[in-house]
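Dropping a structure here in C-alpha cells format, bear with me for questions.
Chain IDs A, B, C and D follow the sequence of writing; residue 1 opens each chain.
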Amino acid sequence: MLRVGLLGAGRIGKVHASAIAAHPESVLAAVADIDPQVADALASAYGASSKTTDAILADDTIQAVLIASSTDTHADLIEAAAAAGKAVLCEKPVDLNLARARACQDAVTLANVPVMVGLNRRFDVNFQTLKLALERGDIGKAELLSITSFDPSPPPIEYIKVSGGLFRDMMIHDFDTAHFLFGAMPETVSAVGSSLVDPEIGEAGDVDTAVATLRYSDGRIAVIKNSRRAAFGYDQRVEVLGAEGMLQAQNISENSVVTSTSDGITAAKPMHFFLERYAGAYAAEWAAFMDSVLNNAPVPVTLTDGVAALAVAEAATISAREGRPVNLLEVE
Amino acid sequence: MLRVGLLGAGRIGKVHASAIAAHPESVLAAVADIDPQVADALASAYGASSKTTDAILADDTIQAVLIASSTDTHADLIEAAAAAGKAVLCEKPVDLNLARARACQDAVTLANVPVMVGLNRRFDVNFQTLKLALERGDIGKAELLSITSFDPSPPPIEYIKVSGGLFRDMMIHDFDTAHFLFGAMPETVSAVGSSLVDPEIGEAGDVDTAVATLRYSDGRIAVIKNSRRAAFGYDQRVEVLGAEGMLQAQNISENSVVTSTSDGITAAKPMHFFLERYAGAYAAEWAAFMDSVLNNAPVPVTLTDGVAALAVAEAATISAREGRPVNLLEVE
Amino acid sequence: MLRVGLLGAGRIGKVHASAIAAHPESVLAAVADIDPQVADALASAYGASSKTTDAILADDTIQAVLIASSTDTHADLIEAAAAAGKAVLCEKPVDLNLARARACQDAVTLANVPVMVGLNRRFDVNFQTLKLALERGDIGKAELLSITSFDPSPPPIEYIKVSGGLFRDMMIHDFDTAHFLFGAMPETVSAVGSSLVDPEIGEAGDVDTAVATLRYSDGRIAVIKNSRRAAFGYDQRVEVLGAEGMLQAQNISENSVVTSTSDGITAAKPMHFFLERYAGAYAAEWAAFMDSVLNNAPVPVTLTDGVAALAVAEAATISAREGRPVNLLEVE
Amino acid sequence: MLRVGLLGAGRIGKVHASAIAAHPESVLAAVADIDPQVADALASAYGASSKTTDAILADDTIQAVLIASSTDTHADLIEAAAAAGKAVLCEKPVDLNLARARACQDAVTLANVPVMVGLNRRFDVNFQTLKLALERGDIGKAELLSITSFDPSPPPIEYIKVSGGLFRDMMIHDFDTAHFLFGAMPETVSAVGSSLVDPEIGEAGDVDTAVATLRYSDGRIAVIKNSRRAAFGYDQRVEVLGAEGMLQAQNISENSVVTSTSDGITAAKPMHFFLERYAGAYAAEWAAFMDSVLNNAPVPVTLTDGVAALAVAEAATISAREGRPVNLLEVE
C-alpha cells in the first residue's frame, strides 16, 4: 500500500484525495494546507493525518506526494519533494515563469524519482480513443487539428489576476493536448485575444476570448479556441482532419434524454465543468502515476511535457500582446 | 411529351400537378374536379385545360391520368381510366372496402395499361437507402421491424368520419412500408388502439393512438406505432434489427441549426408534414410511373400491393375492435 | 457503519460487493456462496469473512443482506433474512412462480424490516431524468410508451432453460420500467415471440425475439421490444409520446469519438452490457437502499413492485403461448 | 416573364440555367459560351437560343444576364451588361484583382440597374436560420465565429494555377459568410497555410490547407479553416459563440439512415459537394435576384459585398505569404 501525502486541500486537492483513496494500492496518509483547518477537515474525512508540508516531506513512511497547492508553490515543492525522495504528481502548471519551470526540470532530473505533471486531459477516455485512432492510421496523416475549450463561466477576478493570463492558465491544457496528439512542438504560434466576457478581465490586462494558431515544421496546423464563458456549460471538443478522414471527440452530455416539443428537439447540456467531465480522467491519471511508482512504467506526462506546454503558452502570450507570430525559438 | 389528366385538384392534387409539370417528359394537359372553380384555378396556373372527368377520359391526346379525387371514387375511376386505355397513377387507398378493391384489381388486370398506386413512402430516399442496405445484407437476416409514424395533428373530424378509420387511412402507409421492406405479408395481425388525442375521434368510433404487431410465417415480427398528434411535428422513423446489426431511417430536420443555451442543446424539428417531408418522394414516384409508361418498366407499386396493404389494415381494424389477433386468411 | 452480508458471489454479486464497499456508510462484512471457494475469493478481496448463509443470517452484527444467489433461492432467502431481522436487498426476480412470489410478499409484510427488490433500471440517471420530466409535465399527459431492450448476445442455453423464459427473465425489467414511468398496471397484455437468434432457444421452448403490447384502463399504450441479440451491443432505449411532445432516453456510447471517412460517419457503439451501462445505477440502487435502512426512507422498489412486474411477465408468457391478449385479472 | 441571357454554359452555368427555368417568372432566352457547341447543347435543352455574348447584350428583349463565365471575364461583362441596361447576377469573384474589382464597382454605380454577386451561401436555409437566430438574440451578443469549409477533393492543378490562390478562390466564401453573419469588416487578418494535400499545389505557389483569424474592432474574433480535401465529402459548418449560448449550422447528410453493427454506429456522409449541398441555395439566390429585378427589392449581395470579401482575401493572402497580421487598411 503506497502511503501518499497531499499538499493542498482545496477544490482540486479534494478530487485527488478521492482518487488516491479509491485506488486499491494507495492510501491517503497525510494532508497539508496553508489553512490547517482545511487540512484537518479533509484528513479526517479519509482517516489521514493533518500535518505541515515539512512534516510530510520528512515522513519516511510516505512514498509519494500529490502537489495541489497554489501555482506559485509548485516548483519549490516539486524540488523539495523530489530531493526528499518522494515520487511526485504535481498539478499543472509547473510555474508561470518559464525559466523557473526549466530550472525545476533541471533540478529534478538529478533526483531519481518519478515526477509527473497533472495534465489531466491526456487521461480522458475520449481523447485517448481519438489518439489511438490517429496512431492506428484511421484517418491517414494528420493535417489540421482544432481544439475548442470553453469554460462555463470565468473564475473570480482575484484568481484571474494571479493566473498568468488565459494562455498560461487555461489554454495551456490545449497546448498540451496538441502536443499529446501531434507528438511535436509547433514552430510558430499566432494568437489573438479579446476581453468580451467581463471588462474587469480586460482591465486586469488579460483576455477572456482567444484563438491561437500553431504551425508545425512539417506544415501541420493546429487552431485552438478558448472562451471563459459558455452559457450551456463546459465545451471540450477536439477535431483532427487527416488525409483520409476526420476524427472528432465530442462533448459528453449530462444524460441521454431528448425532449421533443413544439419548441424543438432538446438534448441535455454537456457535463457542467471539469470536476464532472474529467472525473474519470483524474482517476486514470492517478492510476497511471501509480503504475510509474510501483512498476517503473515510464512517467506518461513528464516535467518536460509540462515545460513544453508552458513554452507554447509563453509564445502565445507574447504573440497576442505584440500582434505578431512568435517563433518557439524566441522562448527557448 | 406525355399529356396527363389530373382528376382531383385538392391539396394532394396540387402536389402531383407540380411533379407532373416539373418532369421533363410530361405535361399537365387537363384538370378535373367536383368543384369546377378549383379545377379552373389549378389548370390556369399550369396552362392546362379545365375539363370534366368524362371529357378527360374521352380525350385521345391524353395518355395518362393521375387520380387524386376523394377515396370513394378511386376504384371507379381506375376502372374507367384503364378501360379508356389510359395509364393510371392513383392515390392510396384503392378503396376502403377490401372486396371492392379486389374487384377493381381483377377488372384492371384485363386492361393492358400500367396502373400504379401512389404509396409515396416507397420513393423516399431514406427508406429506399434502408431497403438497399437490407438487401445488400448490411445487417444480415432481418428479424424485427419497427415503424413509428406520428402526424403533427389530427385531420378535421369530418375527414375522420369518412376515412375508414386510422388503420385504413393512416397505418395503411406503414403496412405497405412493412410489405416493401420485408417483401412478405404477415400471417397474423394484433392491434390495439385508443382515443387519447381528441374525444370526438373516439365518439366517431375511431382511434387516434394505435399499435399493431405483425407476425410473419418465418417468425419475423413488425411493430407499428401511430398517433394522430405529435407536438413536435411529423415523426416518420423506421428501424430494422437483423442478425448482424440494425438499420434506422431517422427523421429529416427542417434545418441543421443547433442552439446551445442554459436551457439545453436544441435542434430543429422534423419537417412538419407530408408535403415537406415527402416532396422528393412525390417527384420520384412520378418519375417511376413515367418510366413504366414510357419504357415499359415494371410498375413499382401495383394494385396488388395496394390491395395487400388494405388487407392488413382490414385485419388490424378487426383485431382492435374484437381484441384478438387476426389471421390474414380471415380477410382473404 | 452498516455491516452487510452478501449471499451469492457470482457476476452480479461482485457488482454489488463493489457498490457496498464504495459506499461511505456500509462495509462488506461476510460473503456466502454455494461454492465456498468463490465466496473465499470475493471475501478476501474486500477483507470480509467467508461464511455459510446460515452463519450470516445468525450473525447479529450483520444488519443487512444482499441476495444475489440463483433465482430459485430468492424467495426462501428473503423470508429467512427478514425473519432474522435483516434489511434485505434482493436481485430480481422474487421468484419465477407468481404464487410463490406472492406468498413471499405476504410473509415479509409481517417482518418489520426494509425489503427492496433490485430492479436496477429505476436508478439509471437517464430513466430517472425522463421520469422527472414526465412528472414535471414537459410533454403533457403521457399516451404511448416504447421500450427497446436488446442484449448483445444470448446467455448460455443452460441459463435459458432455467430462466423462466424471456418474459420473466429479460422483459421483466421493461415491465417494471413501464410500471415505474406510468405509475400504473396494464389492463391487458398481448405478446408475440419468435426464436430467430438461436434454434436451441426455440427447442428449449423459449423465444429470443418478442414484442409485448400493454393497454392501460385509461387507454394509454406501452409497447416493449426485446431481442437476445444486437450485434452492436446493448440497446436500452425508452420513448414516451405525450400530448405536448416526446421524451426519449437514448443509448450511452462507450466514448464520444466520431470518425468520418469515405465509408461514412461512425460513432462509438453503446456501452456493451449491463455491467458497464448500469454501473452507476447499481451504486445509486445501493445508496437508495442505505437511505431506507439508515433514515427510514420508504423503500423505493418494494416486493409489491417485484411481484407486479412478475405478474405482467406471467400474463405475457400466457399471451405469447396461447396467441391471445391476457387480462391481468387472469393472473391475480 | 423575365427573359434571361446566360453567359457561360459550364458546370455552374448549368446550375443557374436550371434555376432560371424553374422560376415561375423567368425564362432562359439565350445562352453564350466561348465554346459554341457547349452553348448550343445547353440552349437546346431549355428551348433557348444559342448566341454570342455581344448578341445577347444587344438583344433588347433580354432584361437580365447571369454571368457564369471564367473569372477573368467577370468585371468586363458586368460593366458591359450594366451599360447595356441589363440587370446582372454575376458569379463570385468580381475579379481576382482587387483594384479591378473596385473599378468595376465604381463603373456600375453609374448604371442604374440591379447588380448582384452570386455568393450562394447567403441563401442556404441553414445559414439564414442561424443568422435569424443571431439577430433575434438567441445567444446574446456574438463573440467568436468559427467556419469550417473543406472540399471533398482539390480541383485540377490547371484550375489552381489560375484561381488566384486558396484565399481568393475558396476562402472568399467564408470571408463573405463572416461578413454576412457579423455585419462588419475585420480590422486585422492573420492567415497561415500549408500544402499538405498535393505537392503540385505547393509547387504552384498555393496552399491547400489554411486557417485565417479575423479580429474586429470591437474585439469579436472569427476563425476560418479550409482544406481542399476531406475524404468524407463536403464539410460546411458554422458555429457562433455568444454571451448567452452557441449557434451551430451542421452538415446536411445524404440521407437519414444509420447502420449499427459490430463496427460502430454509422451515419451517411454529408452531401458530396456544392451542387448537391447548395442546390436549394442557388434557387433561392435566383429568387432573390428576381425580387430585386421585378419588385425593386434591395439587391441582397451587392458589388460592394463582393469587393469586401475580395479585400479580406487579399489581406489573408498577404498575411500567409509574409507571416504577419495584415490590417485591412493596407489593402484599401
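Of note:
Just so it is clear, a residue touches a chain if its C-beta (ideal position, glycine included) is under 8 Å from a C-beta of that chain, and two chains touch if they have at least 3 such contacts.
The shown structure was predicted, so the numbers you read here are calculated from the model rather than taken from an experiment.
Between the contact lists of chain B and chain C, the overlap consists of A, D. When you average the Cα atoms of each chain and compare centres, the chain farthest from chain D turns out to be C. For the interfaces A-C and C-D, the C-beta contact count is higher for A-C.
Taking each chain's centre as the mean of its C-alpha atoms, chain C lies 57 Å from chain D. For the pair chain A and chain C, the distance between C-alpha centroids works out to 40 Å.
In chain D, the positions touching at least two other chains are 139, 230-232, 244-246, 259-262, 268.
Across the complex, chain B is touched by residues 139-141, 143-144, 146, 148, 150, 188, 190, 192, 194-197, 209-211, 213, 215, 219-221, 223, 225, 227, 229-232, 235, 241-246, 323-325 of chain C.
Put simply, chain C touches chain D in their complex at residues 230-232, 253, 259-269. The residues of chain D lying in touch with chain B in their complex are 22, 125-126, 129-130, 133, 138-139, 244-252, 255-262, 268.
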